[in-house]
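Chain IDs A, B, C, D and E follow the sequence of writing; residue 1 opens each chain.
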Amino acid sequence: MSELLGFRAVEAGYGEARVLHGIDLAVGENERVAILGRNGVGKSTVVNTFLGVARLRAGEVRFRGAPQRSLQHFTAARAGVAVVLQGRHIIPNLTVRENLLLGAAVRRPGAWNLEGVFELFPVLRERADTPGTALSGGQQQMLAIGRALMANPALLVLDEPSEGLAPVIVDELAVVLRRLADGGTGLLLIEQNFGLVRRVAERYYALSKGQIVDQGRLADLSLAKLKEHVAV
Amino acid sequence: MLLQTLNGLVYGGLLYILAVGLVLIFGLRRVVNFAHGSLFMVGAYVGYAIATHFGNFWLGLVVSVVVLAVLGVFLDAVVFRPLQREDPIVTVLVTFGILLVLEDAVRTIWGKDFLSLKPPAALAGTVQILGESFPTYRLFVIALAAAVAIGLSLWLRMSRIGLFVRASSVDRTTTAILGVNTDRVSVLVVAAAGVSGRVSAPVLALSPCMGRLILIDSFIVVVVGGLGSFSGAFFAALIIGQLHNFGVVYLPWAATMIPFLLMVGILIWRPSGFAGQHV
Amino acid sequence: MAETFAIEGGGLTRRYGGFTALDAVDLAVPDGEIRGLIGPNGAGKSTLIDVLSGRADDWQGSVRLRGADISRLSAQQRRRSGLARSFQRTNVFPELAVREQLEVASWRAETPNVDEVLHEMGLAAIAHMRAADVSYGDRRRLDLALALIGRPTVLLLDEPAAGLSMKESMALAELLRDLASRWKVTVLLVEHDMDVVFSICHRITVLHLGRVLAEGTPAEIRSIPEVVTAYLGSAVE
Amino acid sequence: MSRQAESSALAAAPPGAAPARWTWSVLAAALAAGALLPQVVTSTLAITLLTQAVIGGILATAVGLLIRQAGLVSFGHAAFFGLAGYFIALPARHGLWPAEVSIVLAVAAPTLLAFLLGLVIVRIPGVAFSMLTLAIGQAFHEFALRAREITGGEDGFAISLPRALYGVPTEIFQRPQSMFVIAWVALVVILFGLHLLTRTRFGRVTAAIRENEERARFLGYQTVVPRALVFALSALIGAVAGTLFALYNAFVSPEMLHWSLSGSALIMAIVGGTKLLWGPALGGVVFFFFKDLAGDLTEHWPAMIGLTLIVVTVALPLGIGGALVRLLQRLRPAGGRTHG
Amino acid sequence: QETIKIGVPTALSGTYADLGNQAKRAVEFAVNEVNAKGGIGGRKLEVKVLDTEAKPDVARKQAEKLALEGYKILTGTIASGEGLAMAPMLERWDALYVVTINKADALTGANCVPRVFRVNHPDEQDAAIVRPWLGTRKETKWAIVAADIAWGRNSGKSFAAAAKANGKELVGEFYPAFGTNDFAPYIQQVKNSGAQGVWIALAGRDAINFATQAKQFGLLDSTFVAGVSFVTDNTVKTLGDTSKGIWGIINYSSTLDTPANKRFVEAWKKAYNGDEPTNFEGETYIGMQVIIQAIERAKSAKPLDVARAMSGGTFDTLYGKSQIRAADHQMVQPNYFGYVGAQGGKLRPIITTTFAADQATPPPSGECKMPKL
């Protein structure tokens, strides 16, 4: 199994402030990995680091085993990593359709296309020609997920994708993510909705104050540990 | 009357071609580019130098397009890109600095005297319209502006790159995260912006401050049209061109104020201009 | 009308072009109640809150606050009459310190309670940080905190638990229940976290395609098959 | 991103705190320094340049205040500066009323005008606001050019001032040595006043409105009037600068209203650093002297200024003031505190 | 021995930079000439040029700076507004200003001061020769296109008066804003007005834009065009063929047939590889001639002494002998009319009519109450 995304002793932060202190993690092909942790422990910063949004101060980030010298925003996408950002980040003056097409800016061959996304979230088809930001909160979340799928990524990173989604849609999302994983796409899921995590992920990292404090198979996660890391 | 309308189209067309560059850069870099006027000016001078040296207007046009593209790429790499995370107002200052440097450079190379360039022989004459003569070159400007307007809007609406340009103009970071090399996109755009002003030389006198003098009018076009909107800029340029002409004829004492008044009126009515949804 | 409600909307309609996001919705929440507002994505929940709070600019119907017609009041006037709201997309003051913005909010309030809110919302530790520098979840809590300043009489909350960890969501639920009884505040709560909704709401209104689909106690709502299939899914398990 | 962290280091003093004792000492020291300077510097040339630089600094402070407190970038502050000048000059030219009245009007009228304008235009965000102020400024410029009978057109005219103003010999306003002290005191008083103002509720609320106008409304604030007030205050400071300028030079011309002056003021403010209260004033003085020096050295001074602008802004995006503060903080990690 | 310091506050940047450059060249030329002969009474001349951007307040600042640095004899400033801003301050600076380019009548009229002297032609001198000249033209219908600034308006007004006096019909008056980019609407209106002749009072960039565009519209070929400050050496150089056949007032021309001018032009050509001096260069050089001779006569370079020597004095200039009137400090000199044509294989303004000094210079307007020096 080859590694899609790897962190080696990564220290990263914003400006002078350091948020991550020595993170090691790896997501391989076909793997379904979750990052657990309370608010503010640095989960999104993990994502921001390999996107070049937060500053990498030490350590190494690898895509497909290749260490990255300079992390541009687009490096990850070109390495086949698609991200659903926390907070959705829909591009305002583009229509729903255009937002989706933009997701295919770098695209690997694969099954996902406009049709597929419309199938998954029919409401996006209905509103295909309205501005993306005119959607409701949950609809925007669907759009963000659909946009990431458009790239047919090798690794799909989702930062709290269930936020704002109606419970039924979360159910559907779980099914879709499983299906993706079965098709060989790696998953890195950051999520507070433990129900979704349980249905999707097989392995986890638990983050606290910018450090990985625990990791293992989700099936082996004891209730006590769960309480400690996600604070259920 | 018809001729005055045509004249309005010419001036509107010039403004539009110039404004396109501003809109592109504003869209992409969120920068109010004061240097744009001076790129326009450099284009005119380079075109002049080549045209007078080789006696070929079109060669001048081509060369100045190339020179401006290179200059645009250079500026983008050296100035706009490093500053893209700063407050836009800081970048405005830098573009003003560029304006000063370019003006001085042109003044040093070509001297302080005014220069003028004749239209190419093929366009030098006049055509008869309703029994009056109208300069061919002016018709050429109108045609060119229309071509730019149509071509550009098609390009932006239909093409992949056009989509990238529109996307990175509102949210660079997200667009880049989706895999678009926004730097490369903007190089293209800044180069295109640099080219836009070249056409006016046979209409306007060449002087180092020619850019400055037309810049305000083109800013008005951009703002009235709705920042970052090409179609808005197109209509704004048309309107301002016509108002300019008819203002001169019917309200001479207020002619210079009309664009300003129009801008004030429109912005109070629609704070984001004709076409802008966001500012 | 015999009974006066804390907040009451009549015939609320909001259209976007040809699309009707809210279609003659009637809603009345009695004093002290925590009312859940649920429904599929795009049902019109946020739109309803916008209309009630004075954010929408083009709508029909009437809004009453404790019996008084506030339909014509601006957003700031509504807030001053005791109607506060939070936002689904966080809406804070990025460059101001957390405490500082709560203070600014408190000057318009009769009962400034900055420290109380800082404490209740667990923001005390980051009170000195700029909002732009705090994590997403903290920012969401700050958004809610801003609404709580001055102990408003009616709180319109748009997905306050989104982005919060499970423990914090539950703590938030506790807090809301607690505030409702201590401050006598009436809450209209939009939320997709059914654990929160079912645990604290007295009654629930279900919105679907811009209309009220159902209204009832949590137990009643849970047993309506349409609601389960259209919205709740596995969340009722 | 890194800039955000840096700029937060420059952010305002703790909320609501009463001005510390040291601020009063700073005030006293600043005033004393100004009064002493003409005694120490004997060159009239240096003093006259200093005087003009300080007046420029006041104008830059006006522009900077608007950016800092309202997030609005004005391209038209020359309007208030120039209007003040014409309010002094025109009544004198047409013999309307005593110069003492004119001077009061010169400060009051632009302020009021700005307030009324502000009620309409502060709603308009971003670059559009800048363009609107530009348009309004140019409208006045254009008027001064065209109303030749009243204003003397583009040539401007000399202001005939009486021998004494408010019982003070007019000479005082025109001798560099004394005018320097007046301008300096004005600048110090303005900065100090603004320093106090930012600590008031008004200061905090306007900062909040700047940050997020919508949320401020949902917290119960009326958001237009406060911003219009900031705009008016900023115009007032611009008008003070204009008044001093007109008194000192005893000459007005439409150039005082031209956008290039507004542009210079903006440059000064940004070069100095708009995150700091005193940044723009510093920028004004530095820019003035730099321009003077460059003009002395070479005919290519525009290029020199242009290059410097590029280098300075790229190297010090927080302005000279911001850079100074950071330097101080680095030297004295514990005590590096700034004027709000 | 101490040098004599000449200050030149002039436009080195902005729209008037080309004029500033000419002023600078002329002053430097004169200074080099004097210094090559060993200076004045053994004292060398020294020049300092500062940029005024053609803005009155900047001009005031730069002139003050020059004066305080000892460059108290000032000359070469471009815009009238600058001159008007400097004039009231000269006393305080103990300086002196010799006008060579400003045209506003006020400088030697209502706003005259003892330390200002003018050697070039103010508006009223240009106006004075329009009337006799217009009488010689056969065109009966005229239009005016003049810059909407004081100078253009004045010129328009005096042309209208001259037209009336000569029984000509005025069919259109247009005042485009200074700095107009597109003159097409004006050109169109002039064409529509049926004018047989157009009087133009546009300068610099405006003149060039107008002429270029008028040529394209065919106006220059179909209509008789004449103007003031329009037929300058610079416009001709820029416009080339386009300017051929345009008439206008010529304040100074390198073709002037005086011995002094011939010498000057020869020397100038040598100094500036074959270039001939332009009208502004000639006029500024005349200003320097007057300054130099006044210093020689005063045997002092103190501004007050020099001013006393200037007032009422008669000097050798490129025009011949010219007097500076004591009443308003205006120099009395001839003025010329002509057109752009080829001479010596080169396109240049060619003088056709000379108006002698007494005809070209109206008496002092009486608006100037010159205080004693």
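Heads up, the rule we're going with is that a contact is a pair of C-beta atoms (placed from the backbone, for glycine too) under 8 Å apart; a residue touches a chain by one contact, two chains touch by 3 or more.
Just so we're clear, the structure is a prediction, and the values are computed from it rather than from any experiment.
Asks: Strictly by the touch rule at the top, which chains does chain B share as contacts with chain E?
Replies: For chain B paired with chain E, the chains in contact with each are D, in label order.
Asks: Centre to centre, using CA atoms, which chain is the farthest one from chain D?
Replies: It is A whose centre lies farthest from that of chain D.
Asks: Of all the other chains, whose mean CA position lies farthest from chain B?
Replies: Computed centres place C farthest from chain B.
Asks: State, to the nearest whole Å, the distance from the C-alpha centre of chain A to the C-alpha centre of chain D.
Replies: Chain centroid spacing, chain A to chain D, equals 49 Å.
Asks: Compute the distance, rounded to whole Å, between the mean C-alpha positions of chain D and chain E.
Replies: 38
Asks: Of all residues in chain E, which are in touch with two or more distinct other chains?
Replies: Within chain E, the residues that touch at least two other chains are 13.
Asks: Specify, in ascending order, the residues of chain C that touch 2 or more different other chains.
Replies: Chain C, residues with two or more chain partners: 133.
Asks: Any chance you could list the residues of chain B touching two or more other chains?
Replies: 103-104, 256
Asks: In their complex, what parts of chain A are in touch with chain C?
Replies: 14, 17, 37-41, 44, 86-87, 123, 134-139, 141-142, 160, 163-171, 192-195, 230-232
Asks: Show me the residue ranges of chain C that touch chain A in the complex, using the header's touch definition.
Replies: The touching residues are 16, 38-43, 45-47, 88-89, 133-138, 141, 159, 162-169, 192-194, 229-235.
Asks: Give the list of chain D residues in touch with chain E in this complex.
Replies: Against chain E, chain D makes touches at 43-45, 48-49, 52, 145-146, 148, 153-158, 174, 245, 249-251, 253, 255-256, 258, 292, 295-296, 299, 301-302.
Asks: Within the complex, which stretch of chain A touches chain B?
Replies: Going by the criterion above, the answer is residues 51, 53, 72-74, 76-78, 82-83, 85, 89, 91-94, 98, 101-103, 105-106, 131, 147, 151.
Asks: Please give the residue numbers of chain C that touch chain D in the complex, ascending.
Replies: It comes out as residues 53, 55, 74-77, 79-80, 84-85, 87, 91-97, 99-101, 103-105, 107-109, 130, 132-133, 146, 149.
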